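There are two complexes below, and they share subunit A, which is joined by subunit B in the first and by subunit C in the second.
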Partner chain A sequence: MSTYSFLIRRVLQALAVVLLVTVVVFCLLHALPGGPARGILGPQATASQITAFNHEQGLDKPLPVQYVYYLNQLIHGDLGMSYTLNEPVSQLITERLPKTLLLTVLSAVVGLLVAVPLGVWQAVRRNKPVDYVITTLSFIAYSTPVYFLGLILVLVFSQVLPWFPAQAPQGNSVLAVLSQPQGLVLPVVAGAATMVAVFSRYMRSATLENLTEDYVRTARAGGSRPRAILTRHVFRNSLTPVVAMLGYYVPVLFGGALVVEQLFNYPGMGLLFWTAAQSSDYPVLLGCVLVISIATVTGTLLADVLQRVIDPRVKAGRS
Partner chain B sequence: MSAVRRPAADTLGGHILDLDDLGVVFTTETGPVQAVRGVSLHVAPGETLALVGESGSGKSTVALAAMGLLSGNARATGRAVVDGTDIVGADEERLSGLRGSTVSMVFQEPATALDPLTRVGKQIAEVIRNHRRVSAADAAERAVELLRRVGIPEPEQRARAYPFQLSGGQRQRVVIAMAIANEPALLIADEPTTALDVTVQAEILDLLRRLAEETGTGVLLVTHNMGVVADFADRVAVMYQGAIVETGPVEDVLLRPSHDYTKRLLSAVPRLSVAEAGGTARADERADGPGADAPGAAPAGQPAVELTDVSVVFGRGKQAVHALKGVSFAVHPGETLGLVGESGSGKSTASRVALGLIAPTAGSVTLFGADLARTRARARRALRAGIGVVLQDPVASLDARMTVGECVAEPLRIHRGRLSGRERESLVAAVLDRVRLPREVARRTPRELSGGQRQRVSLARALVLEPRLLVADEPTSALDVSVQEAVLEVIRELQEELGFACLFVSHDLAVVQQFARRVVVMRAGRAEEQGLTSATLLHPETDYTRRLLAAVPVPDPVVQRGRRAERLATLAAGRTEEQG
Partner chain C sequence: MSSSLASVDGLAAKPAQAASGTRLAVRRFLRNRLAVVGLGVVVFFVLFCFVGPLIYSTDQTHTLLQQVNQSPSGAHWLGTDAVGHDELGRLMYGGKVSLIVGLSAGVLATVIGTLWGAAAGYAGGWVDAVMMRVVDAGIAIPALFILLVVSAITTPDLTGLVLILGLISWLVPSRLVRAETLTLKNRDFVLTLRAIGGTHARAIIRHILPNSVSTIIVAATFQVADAILLVAYVSYLGLGVQPPSTDWGGMLSTGMTAAYSGYWWLIVPPGLAIILVVWAFNAIGDGLRDAFDVRGRA
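On to the complex of A and B.
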C-alpha cells in the first residue's frame, strides 16, 4: 500500500471513530443522574424552573434530536455554551487546550527521555543491583496514584524543601506559563512519573528480547563492539514496539493531566473537565471528550506513521 | 576440490585453528552441564574440516567457543587458538578485533541472522569498517562488490534492500558476504545450508567452496548432513555426547568408519538411490522398500482422498497468490504417497486441502468417497475423524499445558464422547504401546520428552482414532537421523497393521524414496510429475526433477564428487546455451 492511500484510509477510519465516540459519550452523559438544570439552578430550584430551563436549553427534546442539533453546531465550529461559565465551549477549549498540550507534551517528552535510556540501561545491566533498584522504583511509581504522588512531591519539594512553588503558573497564554518554568517542574514530574515507570519496563523487555536475537550474534561475529551493536541495531529494533504503545498512551496522558491540573490548580483542559463534571456542564464535557478523543486518534495515527518510518516491513505489510 | 587439492591437511604448526583439550560447561538451573569435553582438533589454511554429530552432541558449542561467542552461562576451558591468539579467556576488545577479520562465521538461520531494520549493504559495510579505516562511501562500494562476488544479481540495487525483501538463499549470501568481507583466514560455518532448499544448498556450497579456494581460507563446517560433508569436507571429526569419537579424512570416515557410533549414525542416514553418476546406487536399499509389492500396478478401489484439478488462490487482485494450479492426485488405502518439492512449491497447501482445512478455489476434493464441497459441517466433522495428522514441529504442535495422556486422548473426547474415562485411558495406553512409548509417559508433559518421543506422541494422537488417512507434513524434519529412522519405522509398521493411507509431505527426497510408494513432485503450485517412486525418482521425466535430484548431496565422497562435476557441467552447458 502506498503511503498516500494508507494515510487517506487511516484518516477516514479516525473520523469514523471520533463520530462514534461523540455518540457514545452523548448517550452516556444523558444517562447520568441529576440533570444539568439541578446542577445550574441549585437544589432550591422549583420543578417549574427546571422545566423552563430544560425547555430553554432544548433538553426536553428526544435524545436523537438533541444529538443532531449538537452535531450540526459542531460542524460549524460551535460547541455550544457552557451552562455554568456562560462562555462558548469552543472559546473555553481554545483557551485551555494549548496549556494542557504543553503540560502533556512536556510530561511525555520528559518521560520518554528518561524512560528509554533507563530501560536500555536496565537491560544491559539486567539482574544487577541497579536493575533491581530501578525495577522496584518503577513498580512503586506505577502503583502510586498520581494525586498521591503529586501530594508527596508538593510536601517534599515545596513545603520541606522550598525549591519549587506548589501551584502551577496561572498565566492565560502558553507564553505566560512558560515564563515561570520553575512552576512547571512539579506538575511535569508528576505527569511523567507513571510514563517513566511504564515505558522503562517496555524498553527494558524489548531490549532484552532483541539482545538475544540472532542478528546480534551476527554483528558480534563481524567484530562490532557491544556499544555499537546496542546503538546501531538493538536500539532501533527495540523502539518499534514502544512506538506502537505510545499511540495508545495518549488517553492515559490526558487522564493524568486531569488529576495533575486539579492538584496544582493549573488552568487547562483537565481542570475545565473536572469542574464541568462537578456541575454536569454537558456541552463542556462533550467538548472536552471530543477533543481528547481526537487527540487519542491522532496519537495512534502518528504512532502508526512513525512505525512505518522506522520499520520498512510495516509498509510492505510483512510485520 | 579434488582437482585443486590445497596444502596437505597436516602441515605442522601452520594451523589457523587449534583446539586443545577444549571443554565447555553450562551453568543451568539444575546444575552444571558439561556440553563439550576434551575436544582437540585443528584446521590448516585452505582445508575444510567437517564437525558432524547429532543435536546435543556439542558441535555448535565448539564452533561458538572458537569465535568466543558462547552465551553468558557458559565457561570454556583448555585452549582454542585462532591464528596465534587463544580465544579462551581473551577479553571482548581482543575478540572484537579478531571476529569478522581473522575468523568469521556463517549461521544456520538466514531468516533471523540479519538486522531487519538495516539495509543489507550497510550491514556488510559495518563489518568492513569494524576493521579497516575506510570512508563510508568506500565501504558501501566494497559491499556492492562483495554482493556481486557472492552471486547476488543487480548488487547496486540489492545493497539498498532490507533483509525481508530477499529470499532465504539471498540472505544467506549476504551473511556470507559479511563473513568474507575482510578475507578471514578461518571461516566457521554452522549448518550454513540446513534451512535452505536442496538446489539453493548446492549453490551455497559451491559458493563457499569457490571462496575458500580463491583465498586459501580454512573452513570449519558444522553440520548434521552427511551429504554436505561428502560434498565439501577434506577431513571429518565426529562428535558424540560432547567428545570427538573419530577423526580422519572424509573418505575414511564416511566409507570406512571405525567407531561404532559413526557406523550407527551413517547407517541411519537415508540414502538417495541414484541411477546417474555411473550407477553407483548403494545396495543398502531396503528389500521390503516401497514399490516392492505389485510394482507399477495402479492401486485399485476407492482412494482415501482424491484431489481433482484443485486450484487455490490466496488474496485477490494484483496481490493474489496462486498457491495451487490444477493439482490432481489420490492416495489409496494402505499406500504412501510422497509429496515433494521446494519451499513455496505448494506441497503443504496441498496437504491442507486434503485435510479439508483449505477450501479449493476450483476443483474438487473427495474424502473417503464424499465430495467435501457438498458435505454439511456435521458430516465433514465425522469424515475428519478418519484423518490423523502429524506436523513438523513436535514442540509447537503439542499443548505444553496438557499431559501426554490428555494430548493423546483429546481426539477421543471430541469424536468418541461416549467413552468412559477408563475406556479412554486404556485406548491411550494401547496406542502408546503401538508407537513404542512406555505407558508412564501419559502422566508427563511434552516438554519432559525428547524430540523423537514428542513426535511419537503426535503420532499416537494421530492414530488413536484408527484413522483411514494419515497426513504427515515433514514429520521427521526436526529430528536427528537415528530418531527419524525409528519414527519412520513405527509409521511403516502401523500402516501395515492398520492399512491407513498416508500422505507424506517432505523436502527430503531420500526419505521419500525409501518411504513412499508413489510420489508427486510439486513446483510453483503445479504437480510437475508423478509416478511410482522407484521410477520417478530414479529416472525422472522432467528437467526440474532431474535438477532437484542432482542437487541432493549423497553421503559418499567418491560418488558425490562425480555428481558434483556432472551437475556443474550441466549448469555450465546450460549457461553457454543461454548465451549462444
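On to the complex of A and C.
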C-alpha cells in the first residue's frame, strides 16, 4: 500500500470514528432526564413552557432530522450555549483547551524523558535488583489513583516541606500559566506518574526484544562496543513501538488531566468539564467530550503516521 | 451428522494447553515470584474483607459522635472517622464493595469484549470494519469523562455501577480477542468443522474461544485490576455508593479533606489497600501472561 492510499484510508477511518462519537454525544444529549428543555428551564418549568421551548428549538422534530441540524451546527463550530455561564461552549473551550494541552504535553514529555531511559536501563540490567525495584515501583505508580497521588504530593511537598504551591498557576493565557513555573511542578508530576509506569514497561520489553535480534549479534561479532550498539541501533528500533503506543495513550492523558486540574484548581478544560458536571451543564459536558475525542483520534492518527515514517518495516509489514 | 460434528469438536477443539501444558503453565507461574506474592495479597484481602468482620466486628451503621476522628489506639486500631465509625472495620466493609464491584465489572467487560471481538474477527470484511470503528470511537472518549457525564445524569445502585463500568471498559479485550480470532479462523480444525456443516456459532463457541482461553484469562486479570482502580475513581467523580455503605475509593475521597487536618489514618489505609490490590492483580496478570506465553496487553 502506498503511503498516500494509507494516509487517505486512515483519515477516512478517523472521520468515521468522529462521526460515531457525534452520534453517541447526540444520543446522550437526548437521553437526559427531561431532555435539554428541563436542563435550560429548570425543575420549576411548566409542561406548556417546555412544549413551547421544544417547538422553538426544533426539539419536537424527529430525531434523525434533529441529528442533521446538530451536525450542521457542529460543522459551523457551534456547540451550543452553556446553561450556567451563558457563553457559547465553543468560546469556553477555545479559552481553556490550550492550557489543558500545555499540561498534557508537559506531562507526556516529562513522562517520556523519565520512562525511556528507565526502560532501557531495566532491559540492560534484566533480572538484576535494579530491574525488580523499578518494576515494582512502576506497578505501584500504575496502581495509584491519580487523585490520591496528587493529595500525597501536596501533603508532602507543599504542607510538610513548603517547596511548591498547592494550587496551580491561575491566569487566562498559556503565557500567564507559564510565568509561574513552580506552580506547574506538582500537577505535571502527578500527570506524568502513570505515564512513567506504563512507558518504562513498554520500553523495557521493546529493548529486550531487540537485544535478541540477529543484527545485535552481527554487530557484536563485527567488533562494535555494546554501548554503541545500544545507542545506535537498539534504541532507535525500540522507540518505534513506543511511539505507536503514545497514540493510544492520549485518552489516558486527558483522563489524568481531568483529575489533576480539579485537584490543583488548574483553569483548563478538565476543570471546566468538572464544574459543568456539578451543575449539569450538558452542552459544556458534551462539547468537551466531542473535542477530547477529536483530539484523541488525531493523536492516534499522528502516532500511526509517525510510526510509518520512522520505521520502514511497518510499511512492508502492512501492505 | 451430530456424532461426526462432536468427534470433530473432540479432536480439534482440544485447547492448545492439554493436561501437561496446564501443569507446565502452573509451574511457570509459580516461578514468577511477584505473581505468587500478588496471589497471596489477593487471598489476604479476600479473607480480610469477607472473614475479617466475623472476627473483628464493628458498628458501621450508627453515628457515634462521642468518638469522632480519634487517632489509632488499642480500642480502634486504625482510629475512627468523622462520624465515629471504626476505620479498620470500615476498611473491611468498604473492601467488600470494591472487590465485588471491581471483579464483576472486570468479568463483565471481558465477556462483552470477548463476544464482540470474536464476532468481528470471525465475520471479517465490512462487519469487522464497522465493529472495530465502534471500538475506536469508544476508546476515543476517556472513561473518566464518561463517568463524570453519567454522574451528572444519575446516581446508580451497585448493579447499575457494575453495568456502567463493564460497558465502558470492554474495548481493549475486544481488540485482543479479535486479533486471536483472526489467526484461528482459517486453521484446519475450523475449516473442517465448516466443511462438514458446523454452524458459525459452533465454530466460535466450541473451537475459537476455547483456543483463545489463555488470552482471555490474561485479559480478564488485567481488566479486573483496571476495574478496581476505576471503582476507586467512582466516588471521587460523584457516582459512588451512598452512605452508610462505602468502598475504598469512597473512604479515600471523604478522607481527603480530613487529611489536611492531619488525620492520616483516614486516607493512608484505603489508599494502600487500593494500591496493593490493583498491583496484585497486575502482577498475577503478568505471571499468567508469561505462564501461558501470551503476547502484550494492548
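The working rule: the second predicted complex is superposed on the first by the 278 of 319 C-alpha atoms of A that agree within 3 Å, B and C clash if a C-alpha of one lies under 4 Å from a C-alpha of the other, contacts with A are read in each partner's own complex, and residues count from 1 in each chain.
Operating definition for what follows: a residue touches a chain if its C-beta (ideal position, glycine included) is under 8 Å from a C-beta of that chain, and two chains touch if they have at least 3 such contacts.
Because the structure is a prediction, the values reported are computed rather than measured.
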Who contacts more of subunit A, subunit B or subunit C? C
Using the superposition on chain A described above, determine whether A:N237 touches subunit B (first), subunit C (second), both, or neither. first
Identify the partner contact of A:Y142: answer first if only subunit B is touched, second if only subunit C is, both if each is, neither if none is. second
Per the contact definition in the header, classify A:P226: touching subunit B only (first), subunit C only (second), both, or neither. first
Quick one: classify A:Q49 as touching subunit B (first), subunit C (second), both or neither. neither
Go through the superposed model and pick first if A:P251 touches only subunit B, second if only subunit C, both, or neither. second
Looking at the overlay, does A:R217 come into contact with subunit B only (first), subunit C only (second), both, or neither? first
Under the touch definition given earlier, write down the residues of subunit B that touch subunit A in their complex. 67, 69, 92-93, 96-101, 104-105, 107, 109, 112-118, 123, 126-127, 130-131, 162, 164-165, 175, 178-179, 181
Applying the document's contact rule, which stretches of subunit A touch subunit C when the two form their complex? 13, 16-18, 20-21, 24, 28, 31-33, 132, 135-136, 139-140, 142-145, 147-148, 151-152, 155, 159, 245, 248, 251-252, 254-255, 258-259, 273-274, 276-278, 280, 282, 285-286, 288-289, 292-293, 296-297, 300
Sites on subunit A touched by subunit B in the complex: 213-215, 217-226, 228, 232-233, 236-237, 240, 310-313, 316, 318
Of all residues in subunit C, which touch subunit A in the complex? 34, 133-134, 136-137, 139-146, 148-149, 151-154, 225, 229, 232-233, 236-238, 249, 252-253, 256, 259-260, 267, 271, 274-279, 282-283, 298
